[in-house]
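Per-chain residue numbering starts at 1, and chain names A, B, C and D are given in the order in which the chains are listed.
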Amino acid sequence: MIIVMKRGTGQPDIDNAVAHVEALGLKPVVIQGTERTVIAAVGEERVAGIGSLESCPGVDEVLPILAPYKLASRELKPESSVITAGSLSVGKGTIGVIAGPCSVETEEQILACAHAVKAAGASALRGGAFKPRTSPYSFQGLKEVGLKLLAEAREQTGLAIVTEVVSPDDVDLVSKYADVLQIGARNMQNYRLLEAVGKSHRAALLKRGPSATIDEFLLAAEYILDGGNQNVMLCERGIRTFESHTRFTLPLATVPYVQQRTHLPIVVDPSHGTGHTALVTSMAKAAIAAGADGLIVEIHPNPDKALSDGYQSLNFAQFETMMKECRRIAEAVDRTLGVGV
Amino acid sequence: MIIVMKRGTGQPDIDNAVAHVEALGLKPVVIQGTERTVIAAVGEERVAGIGSLESCPGVDEVLPILAPYKLASRELKPESSVITAGSLSVGKGTIGVIAGPCSVETEEQILACAHAVKAAGASALRGGAFKPRTSPYSFQGLKEVGLKLLAEAREQTGLAIVTEVVSPDDVDLVSKYADVLQIGARNMQNYRLLEAVGKSHRAALLKRGPSATIDEFLLAAEYILDGGNQNVMLCERGIRTFESHTRFTLPLATVPYVQQRTHLPIVVDPSHGTGHTALVTSMAKAAIAAGADGLIVEIHPNPDKALSDGYQSLNFAQFETMMKECRRIAEAVDRTLGVGV
Amino acid sequence: MIIVMKRGTGQPDIDNAVAHVEALGLKPVVIQGTERTVIAAVGEERVAGIGSLESCPGVDEVLPILAPYKLASRELKPESSVITAGSLSVGKGTIGVIAGPCSVETEEQILACAHAVKAAGASALRGGAFKPRTSPYSFQGLKEVGLKLLAEAREQTGLAIVTEVVSPDDVDLVSKYADVLQIGARNMQNYRLLEAVGKSHRAALLKRGPSATIDEFLLAAEYILDGGNQNVMLCERGIRTFESHTRFTLPLATVPYVQQRTHLPIVVDPSHGTGHTALVTSMAKAAIAAGADGLIVEIHPNPDKALSDGYQSLNFAQFETMMKECRRIAEAVDRTLGVGV
Amino acid sequence: MIIVMKRGTGQPDIDNAVAHVEALGLKPVVIQGTERTVIAAVGEERVAGIGSLESCPGVDEVLPILAPYKLASRELKPESSVITAGSLSVGKGTIGVIAGPCSVETEEQILACAHAVKAAGASALRGGAFKPRTSPYSFQGLKEVGLKLLAEAREQTGLAIVTEVVSPDDVDLVSKYADVLQIGARNMQNYRLLEAVGKSHRAALLKRGPSATIDEFLLAAEYILDGGNQNVMLCERGIRTFESHTRFTLPLATVPYVQQRTHLPIVVDPSHGTGHTALVTSMAKAAIAAGADGLIVEIHPNPDKALSDGYQSLNFAQFETMMKECRRIAEAVDRTLGVGV
């Protein structure tokens, strides 16, 4: 950590800041600059109370040097992690593809989706049973009935099930039916939920919050890892910016950046990341070219009749085309897409 | 709702979109423009399945006309709401001031804060017992012990207690000790929590998520109102933007905008909204001049020793000055600040 | 254009708004909704004075329906444009690659770059002679001396020259030496410059401003097209968001979106779009997979000695690798990269 | 400057980075951390080539310590600057108020505005003669005819004239008529224009670009100061964020932040900063409470007939009310608003 003092700060304030650094268990190194004094604080800076240093008289700024996360860091575990859950494998040579409707609506709908996912050579079925919806007047999901339909789809197709969990109280119930627990963007900093998933034996798919920095995103993963669950997949699904022709902005540079900093695999969601059917396939291909370890995509038998997210869902023919085009990109980066056909 | 068709769309696609509008229970009005056809859909547009219209062939865009919230709307309730909870009154002539430390740390600390709040003529004491922290390695709060210390502070000073609740399971426990349940920015879209608070008899202070649009913010309030709890205060605490000299960007235009659209009072948090002690007082004054119905401010006996948020906390002398300066602004807008001294 | 009236607006205000619509030469269609009245204004809405409608009493919002640009629109010219300038071809089957240093520094440096560009099979050489620099204390470019060095590089290699013009007064001078006039992101709304380039016979590469919406971007192109210059290439180079691990955020969904709306080719700049050498190649590949018509990339013989932008420049070996990897992606989308080797 | 090395970097890379620091004329201090090595570079870090350090092998990050601007800094000139131009005074005890229409449209319109400005006790008249407009199809201003009308308005009222200059070629012409040269947000980084204004003897009002960081903003001011013109007023007019209920987001914390860092006065534009008439007065009051040294506001005799910006203009009655309410806030912060009535 680097503590930058204000210009013209006197010795007593410097001595006081030095004492604070020592009280935090860090070793201070004072550097006299031409315009300002700077104090380097050597040691483990991920401790409570660091923020208080900025309140010491004469301190202008405190710049952290170490990444705030540890277990997620590639410095700790240099080799890339591969996460496997039933038919789904994500990481290294294999690009996992998770597809399905936003919400489980009916048995017919979810089974049709499952067979389309299977036929296209994708890896796992997604579908929401517990839905966090912006408006209380929107469809809220089928809850356990939906989970049972997902389990039935798995039985028929062998596909792993990825579904969202929105409350710590539901982790056990959802774990009974699902292979992967999805933590939605709006719950990325729902720490009770992260802790509950950390204690679960199911793999987790953690979506980035739309205003989360990468450090905050990886610290959310750290909660799950710290709880004992090492099977964490990250998911970039877009951030909120001033762009209004897309619902969110999909910052694909997250993919190589995160891969350089952590060992966790990173999945990309081009459906939420664009918010428009017409943009999904292009961004799915771009994600793979950028090095993504997986895709999660919304599909629906009839997007114009979907109870949620129809505007960003692919129909089955569009999904099949997407898979074919993505497979060509995957080959061009020497990787395999999904489970093959 | 306005459905904009793509240029050159043929009659069958227009007919199909019209049929969809009718199937949603809305009345279509087709307008033939010089370049494009537009369909106005008349009726209650806050229904499930609206989004699917964008997937109809030939549809370019769907523009909503009605605000998505109802109970929060000033159209429904023209008169401004005043929320009262113990010593705290927020709205109309009175600007409520809630102050206290980020976290309850010790009995001595919270009591010192409570007396400083009281002495400065502020309305209520804040203090976190359950803390949602970005890093699992940060101080996580004293939990029920903290709540008991807050209750003791109320007993000594008569101040209402505002404290955060982070999980639906804790609503009953926190309600035992607190006068106002705070829902933090990171939980603004934790719908289970909103539903639980909606069933509570305690007033709620709902903080805006840093990437939430105003519509999303008001829909979150709508969850609480829809649950039966009418005592909702909104709180603007800053949004995430590219600005890096402040931790968040405090968009004070939220204050008049929200007051024009809803009847709910709006509180401003200049501590999180700036992230730097040196900017808090200026923004507190600006908030009052903009018409804010309340302030929530972080204070600490020794900000440079605080376990959390020291960098944005005022010490007691700074807080007293802030209150004096804010009182002059309040008088200049014909309102009363806090409970008076 | 759709004019949304406030709830409960009386007939006189509606009549007044209708009269305003007619005064603008548009045909009003009044739609009585269940909660609000809406007026559709049929006709050419790209006229002066539209904004004033929002000031009419009772008007809540004015929603435009038509895109504000015309000449750039694919509705006007359905076929994709291909821009050719010397050795550079951008659009349809060919993905143009423009590479070179941020600034022309010395004869040796620019010639070395030119030969590396040529050897890797890229299409054109870039290099800044007139540099718009954030700080007055930074290197400001070699000006005409730099242009002459670029011309020499073209003579030796046959590569087309792409270089920035920062002032309308310089358009003639730069046109003497360059094949393509680059308009930098900071000048995207320098309308005098756009007008001057509109009158030039050189092709233009227009970079998107970091806070420009797509509509503003295409309206800037419209200035050049409207001036008579049809050879306009768009360039996405990243927008400003809260992300801080990249210098800008590269929103690749711009590529398919712009291709659906306009006939102009779109080039991607992964150097400025990320701001870090280690992220450039991944994003170059992603851009091609997303469908980009061209790339513009910064390279330098010794990035650690560059006078500007060293942190985001590739060295020659890295550039060669990038070209090889990008060529594989180009093949996977059935296109040709650069001029071949 | 602090150079953070990657974990596990070997001695040769550290030695190389140290040599680079020395080659830049800075003194390196190597600090061996527990996880990483850090090099502090002591000396004047505002030199060309700094960026290249990030390209040295083993370097992870380079963190600047010193502010990149000098002449604008309060460290150089501790006392606040007051800028005076004719009837306009901005800074210290006096809050200057500049008001007028977006564009000069007719003699009648601009004279009516001038008299309204004068009557309300404001300090100066604004009005655009050269208009930078997003669309080539919008009204582009009256040019020199408009300047003459402004000069006539000054003759009649004694008010100083503030008007925009959009090209270096126009600086002399505009200086003949205007007291203050306004540099618009879109031209904040038009360095040729900044240099030309730097050589002018007229005061400058520099608007912040909607995606400019504060450092970039102050570096743009530095161009003018460095050119020899010390009469620079900064103007915050809103930044681009995801907020869509306002046209821009007005970050008022800029006011105290800039005042702490520089000696230049800061003016706030609540018209562009909100984009809606109904929000202007609240934000004008908030700006003054936050400590702003001036206001610049759009007014029009008939906003619903304005050729530009009608949606954010006040009519004369609204402006008079704004001035009265702002005067009360000014008194509450012990300052004088405008020239008095």
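The rule is short, and it goes like this: a contact is a pair of C-beta atoms (placed from the backbone, for glycine too) under 8 Å apart; a residue touches a chain by one contact, two chains touch by 3 or more.
Everything numeric here is computed off the predicted structure, so don't read it as measured data.
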Q: Matching residue numbers in more than half of the contact pairs is the bar here; say which of A-C, A-D or C-D clears it relative to B-C.
A: A-D
Q) Farthest chain from chain D, comparing Cα centres? A) A
(Q) For chain A versus chain B, which are copies of one sequence, does the interface use mostly the same residue numbers on each side, meaning over half shared, or is it different? (A) same
Q.
Just the number, please: Cα centre separation of chain B and chain D in whole Å.
A. 31
Q. In angstrom, rounded to a whole number, how far apart do the mean CA points of chain A and chain B lie?
A. 26
Q) Which integer distance in Å separates the CA centroid of chain A from that of chain D? A) 38
Q: Indicate the residues of chain A shared as contacts by at least two other chains.
A: 211, 239-242, 244
**Q.** chain C-facing residues of chain D, complex
**A.** 20, 46-49, 51-56, 62, 68-69, 132-139, 166-169, 186-187, 189-192, 209-211, 216, 219, 222-223, 226, 239-240, 276-277, 303-311, 313
(Q) Considering only the defined contacts, which chain D positions touch chain B in the complex? (A) 211, 213-214, 239, 241-246, 249-253, 255-257, 260, 273-274, 278-279, 282-283, 285-291, 325, 328-329, 331-333
Q | Touch list for chain A against partner chain D, complex | A | 2, 4, 7-8, 29, 31-36, 38, 40, 42-44, 63, 65-66, 75, 240-242, 244
